[in-house]
Amino acid sequence: MSTIMSSLRRADEGRARAMTGLRSRWSSLPRAWRIGAIGAFMVLLYSLPGLNIPLIKTPDTDFTSVLFLCAVYVLVAVGLNVVIGLAGLLDLGYIGFYAVGAYTVAILGSPNSPVVVKFPWIVCVPIAIAVAMLSGVLLGWPTLRLRGDYLAIVTLGFGEIIRVFALNSNITNGNRGINGVPVPSEANWPSWMTWFPYVSSEKQIFSVSNVIGFYWLALTLVVLCILGVRRLERSRVGRSWLAIREDEEAAEVMGVPTFKYKLWAFAIGAALGGLSGALFFSKQTFINAQGFDLFTSILWVAAVVIGGAGNQLGVAVGAILLAYLPERFREFADYRLLIFGVALIVMTIFRPQGLLPSRRRSVELEDRAKEASVVE
Amino acid sequence: MSEQLAEREPLLEVDDVTIKFGGVVALNGVDFTLYKGEILGLIGPNGAGKTTCFNTITGVARPTTGTIRFRGEKVVGKKRFQITRMGIARTFQNIRLFPEMTALENVLVGADARHKTSVVGALFRLYRVRVKPEELTEVTATGGMTRLAQQLSRTGQRFFGLSRHILEERAARAKGMELLQLVGIEGRAGELARNLAYGEQRRLEIARALATEPHLLCLDEPAAGFNPAEKESLLALIRKIRDTGVSILLIEHDMRLVMGVTDRIVVLEFGKKIAEGSPSEVRDNPAVIAAYLGVPTDAA
Amino acid sequence: MNFQFLGDHFVSLTVTGLTQGAIYALVALGYTLVYGVLRLINFAHSEVFMIGTFVTTIIWAGLGFSVGDAAPGTLGVIGLIVIAMIAAGAASGATALVVERVAYRPLRKRNAPSLIFLISAIGASVALSEAVGALTDRQPRGMPTLVVPKVQFSFLGADVTNLQLGIFFSALAMMIGLDIFINRTRLGRGVRAVAQNPDVAALMGVNKDRIIMLIFILGGAMAGAAAVLYDIKVGLTTYSVGFLLGIKAFTAAVLGGIGNLRGALLGGLLLGVVENYGAGVFGNQWMDVVAFMMLVVVLLFRPTGLLGESLGRARA
């Protein structure tokens, strides 16, 4: 037994050796240090709106709003990463789930929606997540049996259907949209919070004029979701997803119910997409079909892959770049997509594994390149 | 021997199985029975339909007609992962490991077939199990934050137990290492499967299959490409596995190897069963000799 | 829901649908050719089409024929169309080739996984459409009316115009030409060989890179031709014109069985017709929804499309 335990330990060490540079240095730090470093980083993230860091401030837009957008995009990327990075399913219509979540909150919570139930936010959001999840299951059930490439076009179609529906249906108020999307809470900041710049006790926690409350909420949800996905990743679930990605038939023969796990990935991704949409439009307080074009959806996929599909930190970086750069460099607004497109091509050629790749993916890519050079 | 067999419990019954791919009849009315505890050899020239036979048993291919029963239960029509959970495991002739996973992780995928943790369970870990004192987190650090953290989690585990997920995961890793040890590659547990040597990969496939806790292990040419010494140690391994109570269905090209390890042999040619019996019976069967005529017995 | 309308206008909806579908089919060929050989969704193909629509207007303007000008005589019109087809076909073919060279070939050499190809394709698509967008100030560009729709004959109560006939039959002629090229010529055999098994084809002396260049040029040229027909039909183009049309054409390719040339034709026509029926029944705004619904339903029952996949077995 003890020899087994020692080989097990050796196995873990071997695994750590396989990691590269920074990452291995990080994982060889004492646990307490790592926790401390992450804690300090979290404090930094929460206090970003109050810090006056010169270069990163956005000149033309409220910086806290930009931070909020970044957080929402990270949430989107974390969800999309479950689908693309972990389960290896190409979903080009992810924005459909985002829209479903957003509209569910708007319809159930707004006094101006065609359905006048006016549930509070805290009731709306779980329903929104559930409805988005359900839509993921309904879409995935028939289509996840299809080959990967077909999934791309079918999900694209789904995204478009949701948009057209939002534009033309009565329940969404068509293109007029719905205003009065509920905010999380009407309460004011407690007085002890006023030590923080930008927070004053007469102000609402969630107000349009000062969105720091929204940012903190979004950041908190991001952290929780990242931790949750990490748990899944390091369990039999993540193992099954990886096995499916590598050899679906062999995985099935080894006892992995592949369809079930793909459907779960789809459902979890959809739920997170729905949550992101709900969150974003709670801050906007107004929703119409404009915000849900397929193009944005495709940009999200690009952000996930460029950041490093399969690695949560990587996809977060990709999402932040996608949200932040256009706001930071407004003067290039006309060319930003052009630059983005060129950057995508350049990236895939010079750094196909993404900015912060998952270890497995970078190894895999190197491997394939080696095989290719042997064939040549 | 044969009157003993009649009393033994049939494990796998292949009954009149035919499978056609377009015009090709890959299996033609094949039937045989594998009894509990035996090693049954499945031999035949290349293209005889041996792998196809495995495919029908494990649900990879669906027979055109015929039935297959495992422990009395119908196999045809079941999903592949269900068949695995019924207790049939296999290896592949052309190795199909998960190349970007470590050897141990490959085995864990197999072990997951017996795990009960659900997706929700892995996420929220609400299913708690009371643990014995020796299973609690050990307090190893001598001081500082780490010691405090260890003490806290120990106390937490006393009150709330451990999640089933964690316990399963621990047990699976221990079992996985045991299996790697059984096939003789425990020193390579942390290596990515694609970096293993060819022979190690073949052995890892066996370990992964065993991790699903099968009653029947189907080995598709496990010795292909092995030198005589490697073949010899594989034989020993196969016997060892049988001695743990797992029955074995063995496809092998090498007549000598099959003769040495199997209890009985089924011979296929062009999709048809042409002979069945003990190794010596099969060896002396004129039809078998004809089928292998011109083909050296060491064709692999 | 207005089934009455569908019943009353069944034939005319069919005719409009076939015309639209012919354009889908021509563009779909590009997706199908590339997918058949490389197993790659050439996402940038929509922009290859878009370039064609602009080159057409530029050529016509260059020939002194701009918005508001009256159409010249029949011969003149045919001349203008033929010249535009050659120019747009060449420009689109060249664009496709550049995309292949810049965005795909480096990845192919490294045997990159398909997700990476897709991202590069998206990059190429965004870059092309945004470049044109910047050049045109994101303004739509109008076209002279080249063909004034004139009713040629009535069929079961539906009027069929010269425009519709022209579009449908010129698209059909080009597709038949391509089909003959792929199935009857030596180069076409090379394409099929690479599609079936690239390695074996290479062993038999087929130059894979040349074949790949060929299919990009062919697909691009077909998209260019489609662009001319589109310009004549719609009379307006803009930098983002490729996006939805590209998605539709790709849908058509999948519908018919991607990698299958005749599947692209069938898929395109069927898509055009069914979405027109759908528009008739549910209203114009639901057209795309009907199109995608049909795709899902077809894939559920025939997971490889109506005619099945594989360029190699296009004749089967």
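Which chain is which? They are A, B and C, in the order written, and residues in each are numbered from 1.
Simple rule for what comes next: a residue touches a chain if its C-beta (ideal position, glycine included) is under 8 Å from a C-beta of that chain, and two chains touch if they have at least 3 such contacts.
A quick map from chain label to UniProt name: A, C = Branched-chain amino acid ABC transporter permease; B = ABC transporter ATP-binding protein.
Since we're looking at a predicted model, the values are computed, not measured.
Relative to chain C, the most remote chain by averaged C-alpha coordinates is B. Put simply, the chain nearest the middle, going by average C-alpha positions, is A. Chain A and chain B, compared by their mean Cα positions, are separated by 39 Å.
Chain centres here are Cα means. That of chain B falls 50 Å from that of chain C. Work out the mean CA point of chain A and of chain C, and you get 34 Å between them. Shown for chain A are the residues that touch two or more other chains, namely 364.
Within chain C, contacts with two or more other chains are made by no residue at all. On the side of chain B, the complex with chain A involves touching residues 58-60, 79-81, 84-85, 89-90, 92, 96-105, 108-110, 112-113, 115, 117, 119, 122-123, 125, 144-146, 149, 165, 168-169, 173-174, 177-178, 180-181, 186-187, 189-192, 194, 208-209, 212. Listing the residues of chain A that touch chain B in their complex gives 1, 3-5, 7-8, 10-15, 17-18, 30-32, 35-36, 228, 231-232, 235-237, 239-240, 242-243, 246-247, 249-258, 261, 264, 268, 360, 363-364, 367. Of all the residues in chain A, the ones that touch chain C in their complex are 84, 90, 142-143, 145-150, 152-154, 156-158, 160-161, 164-165, 167-168, 294-295, 298, 301-302, 305-306, 309, 334-335, 337-338, 340-345, 347-349, 352, 364-365, 368-369, 371-372, 375-376.
Remark: chain C residues 35, 39, 41, 102-103, 106-107, 109-120, 122-128, 130-131, 133-134, 243, 247, 250-251, 254, 258, 283, 285-286, 288-289, 291-293, 295-296, 299-300, 303 touch chain A in the complex.
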